[in-house]
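Okay, so subunit A shows up in both of these, paired with subunit B first and subunit C after.
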Partner chain A sequence: MQIKDIAEILPLVELKCGQKGKIASVHTKNHEALKKLMAMGILPGIKINLIQKFPSYVFQLGQSQYAVDKELAECILVRIST
Partner chain B sequence: MPEADDTGDILEISLERIENLLKGDYGISRRSVGLLLLQEDREIITLVKNHEPESFNRIKEIIDRTKTHYREPLSYIIALDRQQEASRIAGEVIAHAPKTSLSLKEKISRMMINPISGIPIMLLILYYGIYKFVGEFGAGTVVDFIETDIFEKIINPRVTQLFASVIPWQVFRELFVGEYGVITLGVRYAVALILPIVTTFFIAFAVIEDTGYLPRLALLIDRVFKKIGLSGRAVIPMVLGLGCDTMATMVTRTLPTIRERVIATILLALAIPCSAQLGVILALLEGHSLGLWVWLGVVGLVFLLVGFLSSKILPGGSPSFYMEIPPLRLPKLSNVFIKTATRVKWYFTEIFPMFIFASVLIWAGQLTGLFGLFTNILEYPVRWIGLPDKAAVAFLFGFFRRDYGAAGLYDLKKAGLFSGNQLVVAAITLTLFLPCIAQFLMNVKERGWKTGLAISVFILFFSFSVGFAVNLLLNIMGISL
Partner chain C sequence: MISPLSCHEEIRKIRKGTRFTIALAGNPNVGKSTIFNQLTGLGAVTANYPGKTVTLNMGTAMYKDEPIGIIDLPGTYALSAVSEDQWVARREILDRHAEVVVAIVDATNLERNLYMVLQLIDLGYPVVVACNLMDLAAKKNICINCEKLSELLGVPVVPTVGVTGEGVEDIIRVCSRVVNGEIKPDPQLPKYGKDILSHIDDLSRAITKHLKNIPYGLSARALAVLLLEEDEEFRDLVGKMENGREIMKKAEEIYREIDKTHGERSSIRMARERHGFEGFLSDNVQVIGVCRISLADRLWRLTIEPVTGLPILLFGLIGVFVIMYYVGTFLSGAFDYTWATFASPYITAAFKSLLGDGPVSRTLLWGFDAGIQAALSVGIPFVMTFYILLAFLEDTGYLNSVAFLTDSLMHKLGLHGRSIIPIIAGAGCNVPAIIGTRVLTTRKEKIIACTLIILTPCSARTAVIMGAAAFFLGWQYAVAIYVIDFMIGILVGRILAVALPGESSGLVMEMFPFRAPKLTHILKKTWYRVKEFVLIALPIIAVGSLVMGTLYETKYMWVITRPMSLIIENWLGLPAVAGICLLFGILRKELALQLLLALAIVQFGPKTQNLLSFMTKQQIFIFALVTTLYFPCLAAVTALIKELGWKTSLAIAAFTITLAVVVGGFANQFLNAVRIL
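And then the complex of A and B:
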């Protein structure tokens, strides 16, 4: 992995509204949280588009939209597309 | 950590070996059973363990060895594989035209989830959907029509006459057509009061539900609900509670943790008035718009405060919120109709016998003097909160159904026995007061005897304490509403 790539990976909570990218990885030690994220189809390589940050994190994932709270949004790492 | 190409193979090899060890018939393919075993599905593990204990240890070994090859849980690896395969298949057959601008539906959806526009939209929906449609139209116009034009003018006099000629004993006549008679009170309340109110509520709820608004409301309110130990998901039983708390208590099953279910059950029992009660309370406070705001403020404050305290007292971590936001849709009339009809039918068959039962119980209570005794006891707390003694009857009946109680207060108001302050205090106390018998039974059924009973005892004391405090505060500050 190159340094350039690393700089482009951000947790979902640090994206700006409207920013797009692909999910780089899901980062959590909590099995329950991982299960929930998986159930939503939050898996590496899937395109993601942040729609709103407050009061909940809302994002477009493929053809679906999801809302999650801050704790779950922090687990999602996104590779920003330029 | 193996190379990316290997990971699929290790999983595939393990899967094949498990498949060969499985001998039993599970009704699904061995490969599916193997996949579920690798994902450590608890149900299937128990099933295989019981079905073929001889090979289970070998299978367990394979699973454990496979796990060591990966850093993430196997369920995650399998989901990843599955997702890639699904994307590959979908990619072959689906072409996406790049979207140039947001559709109208999406624009409306964004307005609903943005707090600046979303909160006014929420208030508008509650105002027109609940207050105007259920409160004014259902509990006002329709109830008036059925109660006055049908029951008071047509049914009651005829039935009374009929029973007067058939049953010579006053005592038994009272059972059917007396002040608290099965027909004149039980049937009348069920058909004239509850039926139109819950029907209009279920129509409003079905429309709101079918548009896809509820998940949007859930995400909007999640942060507030987190403060009271719930997640945005709990907004569904809470809104449903405005229709029927008993049904809503049953729906708390959809909440993921016991802690959330207990908090939701307490709040439903305490601070969420059901549509029947809401209708009568709105009628009670009619013409006292300031009183209505005080009632709303106190009940809202109790909701948040009790929720906050229970979230501090009850053990367990704070819940997490995640929800799919489906696209907005125009509700289909036939869907709304079928849903409403099914729910009204279910609800009515549930509560109708309970109304009849309550009428009989009240009749028996009156006959034996037991009710007089309870009423006398209840007169003390009723006096403490500054209400006339007669209100005690309303509170006693309130336990049978809260709207029964509220309807009792309504009669007292019509008789001009209440001042503005007393009206507000009575409305607040009765809103918070013990849930109806049906909800109490549901609390016990869903939460167990100990919790169900504890919730009721807490509410009994708490509702009168709040009534006492509000009355005291109004008097000290010299406010008369």
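And then the complex of A and C:
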């Protein structure tokens, strides 16, 4: 069960369009971007739904949609809901 | 840096003449500027913070025959000091320039918008919430109980519809009652988790014990919250204060404990707590029904899907260019004609009757006739057309889609998607394009974008390329100039992206769906921007024309251009007279060509209607190429100085001169060698 849990955490870039989950963690050294993500509510525990992958990553979070580039999408880890 | 008005001076003026002042705060795209416009009418002013490019709008509203000051803060998601706009918004609030802060929230997105409201309550500011976009919320089947929200927050909540003005006056009425003491808000401190609340208490006690004066008149609790948010400014500030070390020691202790129990930084913990409470609030005050996807939403999706979005973008860019070119040219002709028919003859007659037909009156006519005409017929038509288009694209939200689509492409030039619009606009006129770079957040981006704009041939330069190269040599030579210019642009962009210091910040943006634009709002925005342009450009062009006129009428022009002849004649292979024309091009680029023809007539007699009679084809090509590349016109330089400051602007200007001389010279040597012209 635990092993399966770990396997279900993926960076946002590896999700398929339409896949849903909860943000597990955000790891970035880019302090400025992290602060902006924080203020927008892109935080661990929040439900997320990937909408579009190209040219950048678009996802739904509550009532809002956000776009991040590939570098940041790699930093957002998502626990996939089954 | 020239700033139109210093912020403090303007704020003092507004505060002095009004009963009280309110500040409008809120997330981007919540209709804040619409409410500001509804409140203030046409009398608003914009002001800069010294050294900052973000402007603040200020104005006054009348309530019960008394003026009320209104400050429109930049739209931000939170009040930390990350970017320049946030810095300005935060500074205004910390400095307590307003008696009441009106937090404008988006009714369709309460669960994120309340974050800043909670932050303001945490800091202990008198807050009135304006719940805006109530009409859109109703359309989306979202029902909000404003009384309940007001009860839970302990502050007044006013429902508003900014575009129709519904409830906008209520904002002022409620603020006035708060200031008078008729309403006594009782802000409910956010109910965070128990452990966080006890950390806040512990830290507050340490602050009360050790600090005599808390900066910005904040409460001990407010400072404790800021420190738990790991706010850099306040950490520095407290660390430097007497006994501040003790407080910071306590704070570090708490940071470690939060890390131990939750495995995350204190700042993230605080943000999560606040978002959690915000979620609790919104769940309690709103009911969200089923919402059908609207036509506007579907259209919007098409603009951000690359398969459909890129063709739409291409079509849009061509549209902007075509409208800029045709409408601008038409208006330019109309202004020119009007001036030449109704103003110029009278001004000329007046000066001649007063001062005679001597060099003095002729010099003055350069400034007050030709100079003003230049500003009217070159600047304003293109500037105005562009501003209307820009306001339309901004207000519909299409600019946001464009920024998203082009972002990864523009990254290669060290820019963001946002910058493509000003650069394309540069093809109409560089001046509004440069002013348009204000939307870019880092200085690095502004410098790169401005340099690329300067390299974009504006309509005046297009006139020279068409009038000289295409007309006398054939269209393929005009295309060649564009291609050379384009390649230089890409190369310069790449070099600057690598060479300039500063990380380009990653893309994080909110995607805003389309909204119906409002004509009055577009026109008002355009009016303010055109007014700003006229205030900058008109005096500079008039004075510049006076100076050039003096040099020309006193024949000093020839003395000045003599040392240039080495470059003009030997290196670029142009006739000496071209030097003077290039100098005049500083006023307006197409003057370079007009003057070349005019001076040719003076020098070689009236039969010289044709450039080919005294210039070789190669010379014409080099002349058009150099005109395209060298020094931006005076109005553009003024705009540059305003946006980037003296030093950087002069550096960019010097760079373009060098570029023009080097490229022009090598093109000349190359053509000498291959002899195709």
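In this section, the second predicted complex is superposed on the first by the 81 of 82 C-alpha atoms of A that agree within 3 Å, B and C clash if a C-alpha of one lies under 4 Å from a C-alpha of the other, contacts with A are read in each partner's own complex, and residues count from 1 in each chain.
Basically, contacts are C-beta pairs under 8 Å (C-beta built on N, C-alpha and C of every residue); 3 or more make two chains touch, one makes a residue touch a chain.
On a predicted model such as this, the values are computed, not experimentally measured, just so you know.
Chemist: Counting only touches as set out at the top, which of subunit B and subunit C does A:35 meet: first, second, both, neither?
Modeler: A:35: touches subunit B and subunit C.
Chemist: Taking the superposition on A as described, I'd like to know which of subunit B and subunit C A:81 touches: first, second, both or neither.
Modeler: After superposition on chain A, A:81 lies in contact with neither partner.
Chemist: Under the stated touch criterion, which partner chain does A:46 make contact with: subunit B (first), subunit C (second), both, or neither?
Modeler: So A:46 meets both subunit B and subunit C here.
Chemist: Would you tell me the residues on subunit A in contact with subunit B in one complex that are also in contact with subunit C in the other?
Modeler: Shared contact residues on subunit A: 32-33, 35-38, 40-41, 43-46, 52, 54-56, 58, 64-69, 71-72.
Chemist: Sort out for me which residues of subunit C touch subunit A in the complex.
Modeler: Within the complex, subunit C contacts subunit A at residues 76-78, 80, 82-83, 108-112, 115, 264, 267-268, 271-272, 275, 278, 304-306, 404-405, 407-409, 411, 503, 505-511.
Chemist: In their shared complex, at which residues does subunit B touch subunit A?
Modeler: Listed in rising order, the residues of subunit B that touch subunit A are 72-73, 75-76, 79-80, 83-84, 87, 110, 113-115, 215, 218-223, 226, 231-232, 320-327.
Chemist: Which of the residues in subunit A end up touching subunit B in this complex?
Modeler: It is residues 26, 31-38, 40-41, 43-46, 51-52, 54-56, 58, 64-69, 71-72 of subunit A that touch subunit B.
Chemist: Provide the residue numbers of subunit A that touch subunit C in the complex, in ascending order.
Modeler: Of all residues in subunit A, those touching subunit C are 30, 32-33, 35-46, 52, 54-56, 58, 62-69, 71-72.
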